[in-house]
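You will see chain A twice below: alongside chain B first, and alongside chain C after that.
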Partner chain A sequence: MTALAVAAASLRRMLRDRTALFFVVLLPVLVIAIIGTVVHNPGGFRIGVLAGQAAGPALATSLVDDLGAAGPVEFQTDEQAARTALRRGELDAVVLVPVDLEATLLRGDDVVIPVLAGGAESTQSAVRSAVSAAVARHAERVQAAAFAARRTNSSVAEQLPRATALQRVTPRISVSTENVASGSDYLPLGFGYSAPTMLVLFVFINALAGGATVVQTRQLGIYSRALAAPVRARDLVFGETLSYLTFALLQSALIIGTGSLLFGVSWGNLPAAIALVVTWALVGTGAGMLSGAVFKTPDQASAIGPVVGIAFAMLGGCMWPLEIVPETVRTVGHATPHAWAVDAWITLLSRAGGLADIATDLAVLAGFAAGMLGLAAVLLRRRLSS
Partner chain B sequence: MHSVETVPAHLEQTSAQVLIASRLAKRFGDRVAVDDVSFAVAAGETYGLLGPNGAGKTTTIRLICGLLRADAGQILIAGQPISTTATPAKKSIGYVPQEIALYPDLTARENLRFFGRLYGLHGKALNHRVGKVLDLIGLSERGRDRVESFSGGMKRRLNIGAGLLHEPTLLVLDEPTVGVDPQSRHAVMESVRSFGAAGMAVLYTTHYMEEAERLCDRVGIIDHGRLVAEGTRRELVAQLGEHDHIQLTATGDLAALADRCRGLEGIDRADVKDGQIQLLATEGRRLLPAVLEAAERIGTTVRSVEVAEPDLEAVFLHLTGTALRE
Partner chain C sequence: MNTALVIAAKDLRHRLRDRSAIVLGFIAPVLVAALMSFAFSSVEAFHADIAFVDNDHGQIAVALRTALTSRELSDVLSIESVGSEQQAGKLVDDGDVGAGLVIPAGFSAAAVGDEPVGLTVLGSPDNPLEAQVAKAVADAYVAQLNADRLSVHTALAAGVPAGRTAELAKAVAGLRLPESVEARATGYRQLTTASYYAPAMGIMFVLFAIGFTAHSFFAEQRGGTLERISAAPIGRGGVLLGKSLAAFVYSVASLTSLAVVSSLAFDAQWGPPLPAAALILAMSAALVALTALVIAVSRTERQADGIAMMITFALLLLGGNFVLISQAPDLLRKLALLTPNGWALRGFTDLATGAAATAALAPALVILGMAALVGLLAGVIGRWRAAS
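== the complex of A and B ==
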């Protein structure tokens, strides 16, 4: 009863704070929209081609054009840069167009086109198929032009425009593939990236900043007054914990709902997603309670909380995928709960994972939550009783 | 804590006594905050703890309300011992702290409902009590307004109201008029007077002598953590005999004049404070010519003289050697 009274009063105060509501409701939606739009998913695979090769003879140029059907083509300065981009996950494949492609083809000899692929095996396989299809389409034209050249005693170069024109009007039989679970090691781009990472970021930050409410209640002498009633300090602490948890869950529900309805985000396996949202809300609750116990003034909680929250979010992979940062930073990042939460979302959204696949992440997050909640309860009870 | 056997004889439990504080002691490190304090408050009685800031009033109150653990002593509220745990005795206490301990961003009604629920009130009973208390403190029309929009006086009244919701038998008010304008102060005091008249035991701390004189049936004078005297106003003043309190505002060698006054027959005390000389004298008016003559002899210019009948301020000065508001 006491805990519910405390929870109801605190929750009412949080929901009544219009400034806080801006950070809880509007800002997350805005950031999800901006990041989702800017870092949008281009569709298909990202194919890298060396700039020098692409600007070469006509057959090489037309091959690059054909590769565009597999996904957006990005030009790289040299092979080293292309390999780095591939390793960072900025590209799905690099097609090394042979320098003597045109000469070899015009001679009528065979050509092998090397393809560098990165990421998971399933991605490599899908990229190989897409590139093969583009090369095959290119080869159709070259073979048609060679056939016509032999029959008409003309050159392949003369017949190539006709072959290209005919290919355009010839009915095609094609295979349609959709990259649903690419198996890459980072979140999908677009809203599928921004929504879950912003959920992780904002639930934590707002909980930390919300510690100001507990500090203010302490300063107002309300806890002290409440303890003159027949209530226990632990009931007050439990009541505050309930209010923070409810608030964190409300914000999570808002972001999930907005992500689904406005931006079409799919949140993966339902039981696993619910478990992750609840565990992360507990982590946020622990952070908020700890903030309320540690800080001396509401201003400290409001000012320092977001700074800590943003720093943790950066380290934990909410701003950019941890796969693109050096190994040391990635290791340090996993000292924050954010990294584990983001990992779990990647598993759910990018690899179609389930509850068992994120069990380790959930266990670590539960550990973070228990640690922070336990410490906050001890500190807060000590403060209330002194 | 002392056992019940150590309760002073005059504090033995009677059916009328709502609060018995017996031989309370509390230290914070080396500092003694409360030192062997004993007193009792009966139903319908308003008991004032009078003392300057830092005298130990708030610590005593926090011990009584179970917010601090006493190093020694015993507290009984309506016959039940109090402790820092969630003891049933706490239901008998209505605690009104010195600060405005209310949620500023909740309405008056929401605040009262919150505190009512802490005392186990709910449903219709809670709504009924909230309405009654809002009536009692004159805030029925503002029940749906947020506390942050209230004036200082209205906040003070609501602060008191939050202590009345569960109809306590003992109301404990810790300096409830600090920082309040005269009009609101008057309203607060009238309310407190009515609580006593309604049969509630009231423990009221203040460092305002006038409040203690006007409101309290009995007063305990506390200084440096010790209860140096207690009784009705009449009993306390009687300790001074036929003394008057003379206050001289003068320029010149005030120390010399105070010295000279101490030599005059009938003057018991002479102290220099803030450009004034404070004298405690038997039949003060009769001694005035001698005092003025002494001033003239040592070249001190007396600008004003005030002779006051003995009051609690004089009692405090007599007992502690310092003025109440120092």
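== the complex of A and C ==
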């Protein structure tokens, strides 16, 4: 009963702190919105084309239309602007359609189209291949028109509409892509990526930073005074733990609720998701209590807590997928509870897993929670009794 | 001026004695930059392993395989011959190869007939680039076949008698697509993860100092230190100047040390020293102005903490310190330029990718302009509050 009273009092104090509410309510939603918007599938490569060229002769215009198959085409004012956008990574490639493209092709001559590919080395070859494929599709009908022109003693310009119309109806050798993956090792893109990772990040960080209130209560001597009453140290520690757990669960519920309602995130198998959220709230509680027991001043807890929380989130795959990092970094990452929680979310959201599939992750997380809670309880009780 | 220097030196000593300021200003940024450059070290190179299934064994299938193993493609992809589509699918699913390419039985024969058979790329959403490259390379190859087919059809439609179809088919065999692409060098350095996130993380940790400085100001006010100082023949301006100077020096030292360490240890590109220093100095001036604004609008330590954190996170989120802003939609990129840190990151991105040193001039001036505006606002609010 005493523990419940302590929990209620602590919780009221947390909820009254308006600054904390910014970090618990507003910030996670904003971060989920921004990261979810940036980490999305743009539907191909962003191709830059000079605006003047696109509005020029018919063959240049139709080439730009074909380039749309490689990804969204963005018009640039001039070559300098296009090169700058490419350098900054705002475009994946710039296609410099030659000014004399139409005249040369209509004469029956060949044209070489310069392509500047940007992005990381990993995307450069991919973007060049995609542009080549789009240009080749355009070249098919130009070749056909030129061939027909030679065979019938007419002009390329006369045959071009015919070739274009026929290209639409002639059966072609297609190349189709088939997804053979039984599941993914990554979270879904967009909000399906940002919401679960930020749930993991914020519950943990806010709990860690919240350790400051325990330190402050300790510093102010409130615990010592409470102990003068017929209250056991065990009840105080248990009460604080309960308030942290409730707080972590409230924060999780808020992120899950806004994720579903605002961003349309699906959270997978319900019992498994609930088990994961509750276990993660326990991990957060353990971290918060441990920070309350270990740090000497509230400033230390609120300054070092978030740094530790961000570092763990980076190592544990909340900031980028652990699939892309070298093996050693991935192994080191699994020393943080975050990696296990993110693994479990991947199993739930990208492989339609259930409770049994995340049993190992849950067991490891429960181990983390028990370890931190146990250690915090021992340390706090020692500090309170001494 | 001397008084201001003494106060600045005292403030700096005080701050450096606090271990959390050392952690936030000097250790954390280096650690985070290290983590990021290690994490992304394997992402910046690309090579696709493709499982190749030839169920056709015809002439065109063999030619396609030869094209895929050509020297110009050897940097981009490697081909591994696999017995069956199931086997290739399993390799793709297990992540042992990036994608698969299946040539169906009868492909070569059908390619010249009326009902051609398509190729299939086996992909996985975990390796979208590999599947995209496999599809694009196959597309580029079949484009010549499709062009030849279309050429025959167009010639027939243009009036060549149907009896000469065989002759046309023979004639198109020697044709080449009239348009091809040529890769041109971009003439700039690639922006690496370390080069973007080193300044991004450095600025993030420096912005956290807004809260610290504002907090210490109100702590001193509460403790009566400021009142006692004002009893001495020191103007309020001298105190504020001293405190601003301390915050400025802390920020410059933090960013400079990160620039040196991350350049040497993780090959982060901060550009030539002079323009990089200009951006660091401008950003530090903006930090001072923002701190002054927080002090001007707050009344207590707790208020200062809260307002500082909100301003800091709003700037970090909008400015692109958490995400690679170039990948963001246009609207977010425009919003980033409403923040001093967004401009600083643009300047550092330009310098890192090898733009001229003058590229830092506009960002530095814009940041200084923003600092002046914010400082002015802080001054007006401060005076108004003092008067009321």
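Of note:
In the analysis below, the second predicted complex is superposed on the first by the 245 of 386 C-alpha atoms of A that agree within 3 Å, B and C clash if a C-alpha of one lies under 4 Å from a C-alpha of the other, contacts with A are read in each partner's own complex, and residues count from 1 in each chain.
Methods note: a contact is a pair of C-beta atoms (placed from the backbone, for glycine too) under 8 Å apart; a residue touches a chain by one contact, two chains touch by 3 or more.
Being a predicted model, the structure only gives us computed values, none of them experimental.
With both complexes placed on chain A, chain A has more residues touched by C than by the other of chain B and chain C. Once chain A of one complex is fitted onto chain A of the other, the partner contacts of A:Glu323 are limited to chain C, with no touch recorded for chain B.
Of the two partner chains placed around the shared chain by superposition, chain B is the only one that A:Ala9 touches, whereas chain C remains out of contact. Contacts of A:Leu220 after superposition on the shared chain: chain B is touched, whereas chain C is not. Once the two complexes are overlaid on the shared chain, A:Arg168 sits clear of chain B and of chain C alike.
Once chain A of one complex is fitted onto chain A of the other, the partner contacts of A:Arg232 are limited to chain B, with no touch recorded for chain C.
Overlaid on A, the two complexes show chain B and chain C touching no common residue of chain A. By the touch criterion given at the top, residues 1-2, 4-5, 8-9, 12-13, 16-17, 217, 220-222, 224-232, 385 of chain A touch chain B in their complex. Touching chain A in their complex are the following residues of chain B: 65-67, 84-88, 90-91, 93, 95, 97, 99-106, 110, 114-115, 117-120, 122, 162. Note for the complex: chain A touches chain C at residues 18-19, 22-23, 27, 30-31, 34-35, 37-39, 41, 63, 83-84, 86-90, 95-96, 105, 108-126, 128-133, 135-149, 151-152, 154, 159, 162-163, 166-167, 170-182, 184-186, 299-300, 303-304, 307, 310-311, 314-315, 320, 323-326, 329. Touching chain A in their complex are the following residues of chain C: 18-20, 23-24, 28, 31-32, 35-36, 38-46, 75-76, 89, 92-93, 95, 100, 111, 114-126, 128-129, 131-133, 135-140, 142-147, 149-151, 153-155, 157-160, 168, 171-172, 175-188, 190-191, 208, 302, 305-306, 309-310, 313, 317, 322-329, 332-333, 346, 349-350, 353-355.
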